[in-house]
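In the two complexes that follow, chain A is the common piece, with chain B as its partner first and chain C second.
What follows is the complex of A and B.
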């Protein structure tokens, strides 16, 4: 049930201002994205067309609080087939970014953000790894890359997710 | 000698050293020189869903390292390739470039980003690869898993056919092993949703594993460390969830290519493959 009394008419304009959200208004609802989606093939609770329609209608809270928004694998199968030339995966990503700004950041991403802040990479490089690399004839790598934390500070993303 | 900056990313240097070893060995044989990228970080892709601008700036900083060396970038990971390619494109956008400059970064030389496998196809070429093959692996049948970000999004790459890709099959066939045609070739491994819903991710990985089993192939050939995480590291989880026995080896393409170049098993790091490829090795006359 969609009750337009709950609609926020500004929602779509906020999304198109986000990085990657530009194409949103071109959607005419053909569902080619949903038909091409490998995630939807296995789990019908994820539907890119539905997310885009709800966004256009202004169903802000429903879109942002949906756990299924995060099911997009960003594989771009939809982008390749959209007859309107919308970069569909980028639009879905823009909605995710907007959800993060509004307090809906999945825990898994917070963990990754913390790792990148501390290490600059997703996996800790331990002495064991460096020794193993040496034994295999592979060159050494940096254990940490502090410059990444500087970028995170600069864009303010840490504050946005409360870290 | 062709020179490239080698971007390793997060997973390859600590979780997939056999991929790195075999890629380096194959590159050396083909007179490709890899220059290390000191100070390179995560590509930025893991943060794209959180904040695209942050992920692009992290990617662009990596690009800047190679740009200072005036070297094109080779990546071994599909997602890193997509993320760095996106940043390379964004650096031509004034607004993004201004943010990039504000952080004190510079992009003195325009450079390109390519997946290693694309470099083998475009810059080295099928003919040269064929002439380097010393031991044809004619007895093997395999399925080639492209992974999403090898040829998609096409607006970033303009390479291969995003709907009916063929370049990787051709590269597999160079080794003598037969790349079998199969259904749902472009199916995603599920890696991107692993952290969100593990059951869904394993179900997605299971799909191609079951296709591999039904085709009776000797191995699944991968060109992305995260696809390998799904097909190899999570193979047992798929077996448990779907009550089936797979035991399908997952080899990185440079491992297969290296074997066809006549390299021994250790040179391509085969002892690090978690699903033991013993039957495959027997078939090509190499056994443990």
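What follows is the complex of A and C.
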């Protein structure tokens, strides 16, 4: 049940202020986005209309802590068809950004960030990989890229997710 | 100059008003009752209550209104402010061009009705009964328009002929109607009371007809006429009782000529003729939206996807016997990528098609997929009846129609259960929206706002953008059902009769006037006029007095102020601002249609604002020049607010967009001159948004 006692009436206005979230209020709930979504044909629990609806109702905690928020593949099929001209994928993106800024980052993303910070890559380069490259006649690569960590620090993302 | 001040039964307590020797001040206890004589050529200033009231009591005058009651007394400002406001109005009146009365004589008292559908027939017969000569100009060879293509009419399912045929029979009783079939108005010249219309008539092919029907039997060409097959020579059972040849399809094989008992000429000739009229009624009806632009629904691409009209004709004529039908609503309507509006009648058309197919083949499964069902008023009964008949209504907007294993699949989400839904069907019907037929409006030079004539936007404002001799009936301005079209047609007929009652009409609506000595014919104003009222005639810029609505946008656009609106010119406003604004004031230049009304509302609702906020009424936010803002800034204004209507609600079509564009330039200039760019604000303030206005001026006053 949606309990509006827990609703935050400012939530939608905060999302609108985010980059990409501008069109949110135009939604009249036709469900064209939900019917167009290819992700939804694999997992029906993901529903962009529902995310937007709950955002409009102000169910901040429920939207941000939901794991389904992170299912969007950014194919923009919904953006193409939205009759109100809402950039639906951008709105979802804005909610994601808002979630990260407010400490709702999912564990998977945190692990990836940790890898990026340590290695500068999403995977570890081992001696085995270097040998393979040598055999193929490719130049060796650095095992870590420290510049990436500096970039991450500069953007402030690490602080936001508490690393 | 006379200044008439109303104390509104001593509610306005004036102190000493001395404005110099040229200004004669007259005080009245109750101006509305006393109604002093004012010469209509004389320039006066009337101070009292809101101009919205005074304007109706003192129409057609060369006067500027000063609002003492709402802007001073009600909100508790010191009465000394009245002196400044009146002095500024006097300064303005000194330089403005006075209004010239415009007289239109109505020489010809006959009407041209463009169109041949239900609305046109109703207008023509109503006018002819009242003794007005009518020329009815129809593009197709037969009367009836869209209605004659239908099988039945919603909601009762009346056969189309039961509505149309009695109407035609009634019209044929009147003798003073001339009919022009296969004819279009090629060119329309002139003005109210005296129009000269060039008609272009294509030949009908059949000259003399005994109605034997042999020609149809021998004609080898089959034509798909919106879902129903017919031959290239055909007949629609309305009027006239003569067959016609569709020359777009005819191969001129000559078979029909051989069997004809009458006379057929297979020559595609075009003839022209001129007719006169005092007024024009446009009843050109509507067109179906090109639903093939909604590519995801596959119209034209997938066989079995059709429009409502095609489906209706195909089912009614027995060509199509569907087993499972999906009717998709709002195909291309209420959609930012297609038609942004609701066409009002397509919901019922969809319901009608559902009922039609169930009446004929009761075992058919019918699904209606609609994001909203808009069955207002008594039509709710129609909707209820169809649910009882077993139609399944699905709430949702389908994402696409695809083809799978020889059947069509409509993919949607069922909003009631929140689950994805795929409906397999053999026929998909698209209930598409409508666009009006705008060919005649284009010929008259009436600019359209989106798809519709500007008239529609302003219908409730008493500020119609149509020239005074042009009337509309039926679905020409917005999609309408048969019942609505008939009511609208009677209204149009009444308006024409009302016009023809007079021999001449006189108006004193302010128009733009061109100072030909200053005008260098740079043509900048021609592009900015929302109504296309400006044109170049014999190397001189001319204003079409019938089309000009008095927005003042051209006078601001003109680099040398050669075009000036009567009673409102840039110099006048400039004088007014310079007199009114003192150091530390906030100037509010407010559109008379929206933001100015909000200040009246602020006074009634007691939303108080600081006394250094000075309000000036302008015809449109687009009629404010950057130089006016600079005038105020030079006088030490703390801020300048330009208040206009919301973007889609401009009463002069696009004036507020002009204002928006100017605001950008102005802000850049303010930057260059070293002022803060926040000193000027352009805001959209609705009639009722008193609170918004007060919040803004308070913020600017900080």
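The criterion applied here is as follows: the second predicted complex is superposed on the first by the 156 of 163 C-alpha atoms of A that agree within 3 Å, B and C clash if a C-alpha of one lies under 4 Å from a C-alpha of the other, contacts with A are read in each partner's own complex, and residues count from 1 in each chain.
Note that a residue touches a chain if its C-beta (ideal position, glycine included) is under 8 Å from a C-beta of that chain, and two chains touch if they have at least 3 such contacts.
Keep in mind it's a predicted model, so treat the numbers as computed, not measured.
*Asks:* Sticking to the clash and touch definitions up top, decide whether chain B and chain C on chain A clash or fit.
*Replies:* fit
*Asks:* Answer with first, second, both or neither: which of chain B and chain C does A:3 touch in the superposed model?
*Replies:* The answer is neither, since A:3 touches no partner chain.
*Asks:* Scan A:148 for contacts with chain B and chain C and give back first, second, both or neither.
*Replies:* A:148 contacts chain B only, not chain C.
*Asks:* Scan A:108 for contacts with chain B and chain C and give back first, second, both or neither.
*Replies:* After superposing on A, A:108 lies in contact with chain B but is clear of chain C.
*Asks:* Looking at chain A, does chain B or chain C touch a larger number of its residues?
*Replies:* Partner with more touched residues of chain A: B.
*Asks:* Is A:127 touching the first partner chain B, the second partner chain C, both, or neither of them?
*Replies:* In the superposition, A:127 contacts neither chain B nor chain C.
*Asks:* Is A:93 touching the first partner chain B, the second partner chain C, both, or neither of them?
*Replies:* first
*Asks:* Under the stated touch criterion, which partner chain does A:83 make contact with: chain B (first), chain C (second), both, or neither?
*Replies:* second
*Asks:* For the superposed model, what is the least distance in angstrom between any CA atom of chain B and any CA atom of chain C?
*Replies:* Here the least C-alpha separation of chain B and chain C stands at 8 Å.
*Asks:* Which residues form the common part of the chain A surface touched by chain B and by chain C?
*Replies:* 77
*Asks:* Name, in rising order, each residue of chain B that touches chain A in their complex.
*Replies:* Touching chain A: residues 8, 10-11, 13-15, 17, 20-21, 24, 36, 38-42, 46-54, 56-58, 61, 102-103, 148-149, 152-155, 162-163, 186-188, 190-193, 195-197, 200, 203-204, 207, 269 of chain B.
*Asks:* Using the touch rule from the top, collect the residues of chain C that touch chain A in their complex.
*Replies:* On the chain C side, the touching residues are 296, 330, 334-337, 371, 395-400, 411-413, 415, 418-420.
*Asks:* Taking the touch rule as given, give the residues of chain A at its contact with chain B in the complex, in rising order.
*Replies:* Residue positions touching the partner: 18-20, 38-39, 42-43, 70-77, 79-80, 87, 89, 93-94, 96-97, 100, 105-106, 108-109, 112-113, 116, 120-123, 125, 129, 132-133, 136-139, 141-142, 145, 147-148, 150-152, 154-155, 157, 160-161.
*Asks:* Okay, in this complex, where on chain A does chain C touch?
*Replies:* Those in contact with chain C are residues 28-32, 34-36, 40-41, 44, 47, 49-50, 77, 81-85.
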